[in-house]
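What follows is one structure encoded as structure tokens, with my remarks underneath.
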Amino acid sequence: MKYENDFLLKIHKELLEMRLLEAKMVDLYAESRVPGHIHSGMGQEAAFVGVLATRKPGDYFKLAHRVVSSSYLVGDPLDTFFGEILAKKTGNSGGRGGINHTGRLCDGVLGMSGTLGCDAAIPVGAAMTIEAEGRDNVAFFFAGDGATNRGPVYEAMTLAADWKLPVVFVCINNGFGISTPTEYSSPVPNVMADKAAGFNMPSVVVDGTNVLETYEGASKIVEGVRAGNGPAVIECKCYRWRGHFEGDQCAYRDGAVTQMNMEEKDCVKNFEKDLMDQGVLTADQIAEMRESFDKEMEASIAHAEAAPEMTADEIFDYLYV
Amino acid sequence: MKVTFGKAIGDALKEEMRRDDKVLMYGEDVAQFGNIFGLTRGMLDEFGPKRVRNTPITETAIIGSAIGAAETGLRPCVELMYSDFTTVCFAEIFHCVSKWRYMHGPEFKLPLVIRNASGSSNGAGAEHSNCVESLFMHAPGLTIVTPSCAYDAKGLLKSAIRSDNPVLFCEPKLLYQAKQEIPDDVYNSDYTIPLGLADVKRQGTDITLVAIGLMVPRALEAAEKLAAEGISVEVIDPRTIAPLDKDTIYASIRKTHRAAIVEEGNKTSGVGAELAAQFQEELYDELDGPVARIAALDVPMPYNIPMEHYSVPDANNIMETIRGMF
Amino acid sequence: MKYENDFLLKIHKELLEMRLLEAKMVDLYAESRVPGHIHSGMGQEAAFVGVLATRKPGDYFKLAHRVVSSSYLVGDPLDTFFGEILAKKTGNSGGRGGINHTGRLCDGVLGMSGTLGCDAAIPVGAAMTIEAEGRDNVAFFFAGDGATNRGPVYEAMTLAADWKLPVVFVCINNGFGISTPTEYSSPVPNVMADKAAGFNMPSVVVDGTNVLETYEGASKIVEGVRAGNGPAVIECKCYRWRGHFEGDQCAYRDGAVTQMNMEEKDCVKNFEKDLMDQGVLTADQIAEMRESFDKEMEASIAHAEAAPEMTADEIFDYLYV
Amino acid sequence: MKVTFGKAIGDALKEEMRRDDKVLMYGEDVAQFGNIFGLTRGMLDEFGPKRVRNTPITETAIIGSAIGAAETGLRPCVELMYSDFTTVCFAEIFHCVSKWRYMHGPEFKLPLVIRNASGSSNGAGAEHSNCVESLFMHAPGLTIVTPSCAYDAKGLLKSAIRSDNPVLFCEPKLLYQAKQEIPDDVYNSDYTIPLGLADVKRQGTDITLVAIGLMVPRALEAAEKLAAEGISVEVIDPRTIAPLDKDTIYASIRKTHRAAIVEEGNKTSGVGAELAAQFQEELYDELDGPVARIAALDVPMPYNIPMEHYSVPDANNIMETIRGMF
């Protein structure tokens, strides 16, 4: 392989930890410990890890309701992460916003809107700050194939392109928006990439379950954006393993296809196999990592469980500065 | 039979689509999935893919196309999933749906219905818990309906679909599972409930409590308990928020001389603001005290469930306010 | 020429009458007889006449604030046209809506929103009716280069494409949205046509000041839409002769370019020259037509002037059915 | 010097951009054209194309980018041209701008201003004549400002730009040409007017008239005439609609014992609805009669100019209502 072991191990650690986080959220939800809904991103981790392997300090991130553990990837500590999921005062917003509105400015996480697409131009604004400060950073926009159909996404693309701002538009095309297949909702197979040229943007389509392919495709694109060539599009093809929300029986799709994707396109398992084949990692090491991260998560969950919740007298806090 | 609020809505849709083949239904995930609350299950099979359609996530196109379809002869009943999403096609509803006829002439009719699931629900958070009635009351031309029980939901939705005026139909989502006993023959009688007609849900003599949507069962619970304390509460469900049935409500206030409004949405500029302003403006001499507003606290809906519950009125909040009026 | 004289004369009549109507509106406005604003479409008439020469009975039209005389083109009688401009009861909506909201269902004119783009999906809905009734009609959408940047336009294109509905999206690219040049506001030169492929639609770009070129380009596109191939895009390049609204001094653009466009790309003059060169029309005939249409217009204006205005007791009429 | 309302706004923008290079200004046609009302002329030359920018017609991106810019360190002052266009980026303002901080945590600050030209203007019609304050009062978290004169407009806009909370800044467009005499040294003194502070525009003893924006000069005219009839009207301009300066207004009502609100927007669910509801709820015993609402008729704004004028309150309408209260 053409990569340093350190890099590969870092990527693997990120992939594995995101997987474990996504799985843990499902468990927590099943135990009725999580308010609202969670949208499990199992199977889609490589899209985030691969694209975000191009990040550097000072970059900004507009993440999405799926895969929420991407906020951990870019710096959110487990304590605040689980604090927010469990709606505790130790969460990012103290349990006010919830896991589908994770923001953490100190990591560059810009926040997200539960109304899909309404946050599309937020990275465009962050890119204005980058430009004003003359940095070579970029602002990442992440959204699903479904959300990408919303008008504000095109308005954001237009503004970013008109002003040649350093925005990387990433579409995570997992084949579905709730029950609606992408083939139905989108007139073109690559929802965002096939439209990029119409906004004068370069684009790349990658297999979002292959972390290195994703990284390579993203690298070229992100490099151009960092160099000041204006915004660009990355589209990551993957498959949504679980239902849209927990409880969704997925009666609208062929279980065999899901099964096939889970078996053959498991971004963690496949990458681990490659690394083991090449002697970069052993099965024991992986088992150890899993165990140790599980302990970390459990400790953070325990920390969150023990943390206080906001109280009635605090309900108006932070509404205004 | 025991009927849930959700089933009543599904049945109204089906009955109207059977009755009139101009009626069609579309929105996000309403076809195979049968809507995220399961309300429209089975409709795709019965009515086929031209009359029961999934849309992409394109709310402005859902509303815009409904206008175009309605003015040219169809009767679209569209769904916006969460009431909060009326805000992403706000101009389309506020400017176009509401005012299209007035601005374009009497030839134009807009027989369309916009269904949406409204209010809070266990940690759905600040962008999936709003009540939007009061926003659209500010747009002249729109009919706004919020039912509170299965019987009303069915009869009102059928009327909404038959109306040649556009209707915003808000469904309190915490009510979807609520059951009501309705005699089979009544339920299946193709009954409708006229738009613009309030319903006295409970007779009382001491105070008129106007309750909307999810707040109606809570108001009834509070009224029951207050009766034991010697306060007789008349609970009125306007059902149609705009245009408002002033006759029924005002007759009640003339009898009780006290009034309160309880709603699930934020207090400031909520439905209660308009109603309280109207009541005191038009019935000042009939009122023995201020019109009280019982509503959600003016915060974005917290994700934290105890705080969510705290911010929305319950029977205790209602009782407390009403006790304070005597 | 490959066209019958009748066709050429019909096209010419439409072109000329629209030009005279646009000029008349400017005059009326200058005399302070028109409420609000008018947006003169002088110089852009051929785009409408050329595209709409493909129309047939039962088609629908979502027109725009410019060129408003297009409603006359598809059937609005001069009496109701001027009645509405002058805000009289004889206008389409009795002076309630105004000239920028012209609708006339009996002609298929669907109405328009003063909030640009909010009416984008209205022809999509009309196309649903066409489909339900099994007709081979189409619904035309007209908007400017500026309005085309709005999100609802893309949502409408997506829905129309997903459902393969007979909608013809026409972008009238006149180089400006108020003061903002299209090169600035759009990352691609053909605002809508360059994006068509991203929505799986065929497209054509025509010189919208050449009525026959426009007609020919539009014909092929509209034929496909009528045949059930799904929506398509026509982009008509032209130039906005006058200011955005009357009174606009156009200080933001080069007057020499405007002058050049008015002299060299006058769609009426150029077409008339061709017709005269080929003996289809004489200068005298044209002069006569002008004079006679002017009389018609003046009669309708007089009729409108004499008509009553809505009164206070009627102010709530037609709000509800 | 005589200063127009429009010039005051332009000067406030310029002064703040000179003072703080984090401030930037963008919107449709604000650069070369200097905004469709000429308010921002000359600013492109002075501040250059990075700080004074035209946008394409992409209102959701104007607001969304302002959020992103504001939270990362800039202080955007954006323009939506007509207040009506807040409806095309309604979710972005209602859900995101207003609630972003609450939902994301105290680290988040949104120092951004959304300017918009509000109200009627000679046949602009149903989609270019709206007042939107009351719609956004329903969104907790937003500061809403509507000035009524040049002096206030300048001082309030400067405060809005300096605020770390997001501000919706509504400019009644019929006031742009209105002139006010302001001493040079005062005008040029870098004064600001605190947000959240009402101004008593005229002292009076018989009735408190809360007037907003364009209605302030009309209220003053009515008050002048009513004085001759023996009715002493106290005219209060809240200036900041949310959060409301209850102290000033309530002190006045405690003195006059009568209250009315006059606004340019539609009556139903307008600003007056909330204010009337509040006044009677919180000051019932102080009031000698109902709180009156004077507002536009509940129709889409007619294009016909006499009907436009008829539908919006003028001094006579105000006088008539107030006379009826005694």
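To keep things simple, chains are lettered A, B, C and D as they appear, and every chain counts its residues starting from 1.
Convention: contacts are C-beta pairs under 8 Å (C-beta built on N, C-alpha and C of every residue); 3 or more make two chains touch, one makes a residue touch a chain.
Bear in mind the structure is a predicted one, so any value in this text is a computation, not a measurement.
Set against the C-alpha centre of subunit D, every other chain centre is closer than that of A. Here C-D and B-C were compared by C-beta pairs in contact; the pair with more is B-C.
Computed from the mean C-alpha positions, the centre of subunit B lies at a distance of 31 Å from the centre of subunit D.
Separating the CA-averaged centres of subunit C and subunit D is a span of 36 Å. For the pair subunit B and subunit C, the distance between C-alpha centroids works out to 40 Å.
Subunit A and subunit C have Cα centroids lying 45 Å from one another. Multi-chain contact residues of subunit D (touching two or more other chains): 55-56, 58-60, 84-85, 87-88, 91, 95, 102-103, 125-127, 140-141, 299-300.
Chain contacts: subunit C has residues 93, 96-98, 101, 113-115, 118, 149-152, 155, 158, 162, 184-186, 319 touching two or more partner chains. If each chain is drawn as a node and touching chains are joined, the picture has every node linked to every other. Put simply, subunit D touches subunit C in their complex at residues 28-29, 31-33, 36, 54-60, 84-85, 87-88, 122-128, 297, 299-300, 302-308, 310-311.
The touching residues of subunit A, counted against subunit C in their complex, run 149-155, 158, 161-162, 184-188, 194-201. By the touch rule above, subunit A contacts subunit D in their complex via residues 60, 62, 92-94, 96-98, 101-106, 110-111, 113-115, 118-129, 131-133, 139, 151-152, 155-156, 158-159, 162-163, 317-321. Only residues 24, 50, 53, 55-56, 58-74, 76, 91-92, 95-96, 100-109, 140-141, 143, 163-165 of subunit B touch subunit C when the two sit together in their complex.
The touching residues of subunit D, counted against subunit B in their complex, run 84-85, 87-88, 90-91, 94-95, 98-99, 102-103, 125-127, 134-135, 137-138, 140-141, 242, 265-266, 268-270, 272-274, 276-277, 280-282, 284, 289-293, 298-300.
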